[in-house]
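Sharing a structure here in structure tokens format.
In this document, chain identifiers A, B, C and D correspond to the written order of the chains, with residue numbering beginning at 1 in each.
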Amino acid sequence: MYGYVRPGNSQPAWLFPFIVLIVLILSVLPLARLAMTGVAAFANGGAIAVLSDPALWSATYYTLVTAVLGTIISLIIGCAFAFLLTLTDIRAKGVISFLFVLPMMIPPQVTALAWVQMSGPSSPLLKALHIAPPLGSPQPLYSVGGIALLYGVQHAPLVYLALRASLMSLPRDGVEAARLSGASSFRVFRDIILPLSLPGIIAGAAISFVSSTGNFGIPAILGIPASIYTLPTLIFTKFSAFTSRTFGDVALLSAIIAIISVAGLAIQDRALRGRDYRVLGLSGATATFELGYWKLLFAPVLWILIFFMLAAPFFALVAGALVPAYGVPLTFKTMTFQAFSEILFTQAVTRTAFVNSLSLAAGTALCLLMVTVLAAYALTRRKDLLGRIVASVIEIPYSLPGIVVAVSFILVFAAPIPLINVTIYGTVWIILIAYLSSFFAVSLKPVVSAFHQLDPALEEAARLSGAGFFRRLKDIIVPLIAPAAGASVILVFLIACNELTISALLWSAGTQTLGVAIYNLDDSGSSDLASALSVLVVLMVVFMMLLLELMAKRLPKGVVPWRN
Amino acid sequence: ANLVLYTSQPNEDAQATVDGFMAANPDIKVDWVRDGTPKIMAKLQAEIEAGNPVADVLLIADTVTLERLKEAGKLMAYKSPEATNYDASLYDADGYYYSTKLITTGIIYNTSASLKPTSWKDLTKPEAKGLVTMPSPLTSGAALIHAQTLAGVDGLGWDFYKGLAANGATAAGGNGGILKAVASGEKAYGMIVDYMPIREKAKGAPVEFVFPTEGVSAVTEPVGILASAKNADAAKKFVDYVLSEKGQEGFVKLGYIPARNGMKLPEGFPARDSIKVLPINAASALKNTDADLKTFSGIYGSN
Amino acid sequence: MAKLILNRVAKDFGTGRAAVSNLSIDVREGGFLALLGPSGCGKTTVLRMIAGFETPTDGSLHLGERLLADASQSLPPERRNMAMVFQSYALWPHMSVADNVGYPLKVRGVSGEAYRRKVGEALATVRLEAYAERRPADLSGGQRQRVALARCLVTSPDVVLLDEPLANLDRHLKQEMEETFREFHQRSGATMVYVTHDQSEAMALATDVAVMSEGQLLQVAPPDEIYARPEGRVVGGLIGRGAIVSLRSPDGDVRQLDWAAVEPLFSGEGGSASRADVLVRQEDVVLGGEGIAATVESVLYEGERYAARLRLADGQILRAFSRSKLAVGDDVRAMIRGAWRL
Amino acid sequence: MAKLILNRVAKDFGTGRAAVSNLSIDVREGGFLALLGPSGCGKTTVLRMIAGFETPTDGSLHLGERLLADASQSLPPERRNMAMVFQSYALWPHMSVADNVGYPLKVRGVSGEAYRRKVGEALATVRLEAYAERRPADLSGGQRQRVALARCLVTSPDVVLLDEPLANLDRHLKQEMEETFREFHQRSGATMVYVTHDQSEAMALATDVAVMSEGQLLQVAPPDEIYARPEGRVVGGLIGRGAIVSLRSPDGDVRQLDWAAVEPLFSGEGGSASRADVLVRQEDVVLGGEGIAATVESVLYEGERYAARLRLADGQILRAFSRSKLAVGDDVRAMIRGAWRL
């Protein structure tokens, strides 16, 4: 009969199939294509040889260890910032959270190099303190710990954004009830706030873990010198040797990464089970803890962290852009704006790259926002196996190194698309699709956790008002999850703006992205130009964030993550 | 359609090469893509796998890589008339690929370092303990060739690499990283391709480049046409151009040692005949690549 | 508008105990059904099934000829043209009071002058004109409830579901709102289902009262009938105030007992040997010089009068009103004007 | 335990209208204060200031000698040893019912056998033993409210704050809970502040009743006193049921008027020319053969009796009860047993 739905199903009948279709195109198709090629490559044996290679297993081990440690570190930093900035009366919240989002904009390689320098024999900081190690001492960051630390620093903002969204919907009266029960601020935090924000924390941990398993830049710089290979760096080396087995090896290594991240997700899923902490009734007014004397401890810690995460690498970039050549000490005499003028006025690629990256990032963020809200809605209301499978498949591309995603998409799209006979390879569209595939997971996480906290009665009231699916989506659901949606859009935008490995393989004439432009400049020894361009990118992002700040009043409450 | 070039030359160099070619052949338009050799190869392989390679011409890395492509049947033979001006060892007898320049790997050192090395062996001295770094053959094609070359030299061989490892040397990333490490004083000595330190020194960086007395290894950035090229004619013109005197002069301007006989050297280089290039056999190097990588990894502890 | 039919409806949340089972009610067209029952007996669940938020695990719901839901299919709530006041209000925290109230209109495409007028009227009925621009979070509990009320009544729904809509309002507002409901009901002819704990509310408003207990329907009848002739201990205890005493069964099939019939039972003289439950309403116990002897066990001041609990000689309890103050321990005599055998 | 003193307390949320202003009440040690007032009058705000969730914008609060808060400083809630039932329940969704109830104990370091026993007892008082392991989300509205109650009573707080704690319970449970409060109050000697809309609740439980309106305190007095001698129209209208009529001022300074005093006023004969508000309680209007002529304007069935609204000849309204059914339009005669000049 027309209009009826199956029981227990509050969503339109087309919704889940639609999500499945999207996931098929974005995740299953390219991954399956890669797997097919891999199987073909191994058709005449060879898988055993790869599997019995100890290098594979040591890389798997290092991938796991660094990702787990990195996740822990990013959780510590990200949670500390999220809790202190959303729940306490610490000063200059806005500025701190504004600054805290920025490190994501500095390419991981740059951060890694800056840290290597800071802690190495030539560190100006250590030299000034007279504790610089002698020339040639082993670099402490070239280690599992160093990689994990950098993962942690790089991904802490992801945790912050995911958690903040969930803190925004803490029930105020629940906190008050606990305080009146006699619980000290610390106990309220431990017994009420922490468990209630667990979905957000877990979401943050999952993003961080999956990002770490797929990261290439950091282990490339910090791992290889210490002979620590992770799966992404190992995959990278496979591509430099052109053999008939390359695809087999790559598919196999990718499969291992996929297994690791799916296992991570399964753990997340378990951890989230039974934590459907829908906030009952009204919420929203966030609790403010008075820190009192603790402020004297926490505020400096936050600022020091900001210094190391943002200021130090950023100044390294600026310095790199101002010196005439690498290794020349920066003084007023040696300083030159040559690199900036070259980048701004001579290099044609700068403008192209800005235009491409900005439109790609904006396009990705907005397309994903639409898909994500639908997908999160469908997935949180569906608790069966199929739903869980779809959710995991969405995650896989993000957990793979960009180069693998890019190769998969080349495999799919290098030839014209059958039936419509259009080639999108070589256009920006293939980059866009690959971005959509890769960042789907990033955008999904905060939104899903927001849905978990939504009081279902709010949507029910809208349904009874006669609002059909899209209507209530627009009027009720999206505004209610606005903080998460905002976090998701900004996360994706920032990551996409800076993306390198995917576009590195997919770009062609006219479709360079900023990441590609910076990498190419750096790789060809023009590190001054690369630094100058990076500085410009960071400034551009700051500028855009300021614009957002100006528009914040017209946006739903909580969308802009550095505003309270 | 436009001629499509895949190259691993640095950005500005690639642009200069293409500009020069288009100036010489105004009717041909070139689209080019540049990236590190591993990525270019990944892209190319994926395209080939998908049955639609986009590139017409390759200008990448080293003869070993092109030899591999040739054996896989992916290259087109073309006998360029310019070949007569080249040493026979610098191009493939069947015309599958031609070397375009010599990129040698020598020693870079920070000017504040105590020791001024003149030979490879100096790097194993106690003064250099813990201060040497080199690109990893797993990342850099040039580094692989370099290792394979030195491994075949009497008196150096894998023992030299073992000695370096015992002296605390590290093998890290690509050439760019080595430059930064040495220029910033994090390390004092490194193995590196010639043009980077020479350029940076000219800009004022505190580094010095040395052609060691035993000789240097060289990669030759060969050019080759893909068997599947859709613009074969234009591609042939491109090959002729880079091998021509004009094309070679372009490389000199960019600071590379040209492969063509009888050319001047760029500034900052010693006379051509004072540079001793150690020989390498592409075919056998190719055969031994896997084994050599294993040996290297064995010494430096990585996979 | 049409008859609302619940046909052997059941709902099991899988907790081992069915929240609602085998419930059949017909609410006549334009009827006003009050659902009464102890906390947790399944009232909200019944409303949610009518609204379409829960699908019955068994049985079916119809609105006239139209199937609303059965165990295998269900018409989505947004197509049922119903309105509901949620027990938790379910206000949208991101909208102002006026937007909350106006939303059902907006969805139906009402705009401009008509929209403003209707919202204004709805807010006026709940006396919240001055709060139109506030956010729900900045309102008091009763004000929130009133916003929910206004939102529910702003359109012309076929069925209106009210889940304890007046629980947080003071006497005056409550009376006004009851008035509003009655008017709305008469004007719109909508079928109303009203969950409440307050039976005076139920009595005052409803055309029919249904009493539930532990997921089961115990009795449906018009208010006066259910008050006068409750079936069983639960209904008897829930509707009106009074005490249930266990007496010797009166002879014959009479259920309505007067003093003449009751007195012998209390003194243990008349009736048969088997025992029966007899409901004695509080207002039917007249304290005075004659009647059954009892001791005052506790007294509650109610303003208008005192409510006393009396203990009889055999230990059973009676309840009575008194205009004059009683003291605990007083010996009194109670006459029983009327009683009802359950 | 000590006296709870509110000294000229004010709270302004910055909405242009103060939520509470210039409010002074002393709640005697171990007292039981009922706070009554129309929706939105500031009751919850007062409780929240006592608990320490809001700081007064003016005035101060003391518990005995101890300053709780004034405009510049405030003792944090966790150090006040108070307990509260929130209007919104404020249950913790991540804890089971038992954990919710036991949390205040846990915070105080109670554990093991004592903990289990106390939680068990508290759950038993609210009849939720069987729901100990459920999550709040899976409970009905009334069950949630009972969990909040149990949590509030599980420890030995100095001050217990109750914000409409029985609004969602049925009559029986309500009575039981009232009993529980009374017992708890007697046993623990805690000072209780009880917000309610239901004045029969207030009358039954409180030692003192405070009536608020629009943020202001109107009257505080023991229940019988406030019922018998309300001050002003608002209190008169809020406490008890009845009607306020405007009559010629009676002579002299009497306020309690009997039939003899009232009759001439109604007939417009006695009294002075100026007019006074006179409160006529519903139970004091006796319908019968003699008295003032009136027409029945509306009748509400209440089970126990009918509540009628009568219109007098001069258009004013009276309210009366009737055990027998009345029809709208009936002409009746009403005698007034007593009235109170406001």
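In this text, a residue touches a chain if its C-beta (ideal position, glycine included) is under 8 Å from a C-beta of that chain, and two chains touch if they have at least 3 such contacts.
The structure presented is a predicted model; accordingly, all values stated were derived computationally and were not measured.
Path length between chain B and chain C in the chain contact graph, taken as the least number of steps between touching chains: 2. The chains in contact with chain A and with chain B alike: there are none. Rounded to whole angstrom, the centroid-to-centroid distance between chain B and chain D, based on C-alpha atoms, equals 90 Å. For this pair, chain C with chain D, the centres built from the Cα atoms lie 21 Å apart.
Separation between the centroids of chain A and chain C, computed from CA atoms only, is 54 Å.
Note: centroid distance chain A to chain D, computed from Cα atoms, is 55 Å. Looking at chain B, one finds that none of its residues touch two or more other chains. Within chain C, residues 88 each touch two or more of the remaining chains.
Each of residues 280-282 in chain A touches at least two other chains.
Under the contact rule defined at the top, the touching pairs of chains are A-B, A-C, A-D, C-D.
Across the complex, chain D is touched by residues 171, 173-174, 176-185, 187-188, 191-192, 195-196, 198, 275-282, 290 of chain A. Across the interface of their complex, chain A is touched by residues 51-53, 76-84, 86, 88-95, 103-104, 107-108, 136-137, 144, 151, 155 of chain D.
Across the complex, chain C is touched by residues 1, 3-8, 10, 280-285, 455, 457-458, 460-468, 471-472, 475-476, 479-480, 482, 556-557 of chain A. Residues 13, 15, 36-40, 43-45, 87-88, 134, 138-143, 145-146, 163-164, 167-174, 197-200, 203-204, 223-224, 227, 237-241, 281-283, 300-305, 323 of chain C are the ones touching chain D in the complex. Residues 2, 9-13, 31-39, 41-43, 45-47, 49-54, 65, 68-69, 72, 110, 129-131, 133, 136, 138-139, 141, 168, 170-174, 176-177, 179-180, 182-188, 195-196, 199-201, 203-207, 289-290, 293, 297, 300-303 of chain B are the ones touching chain A in the complex.
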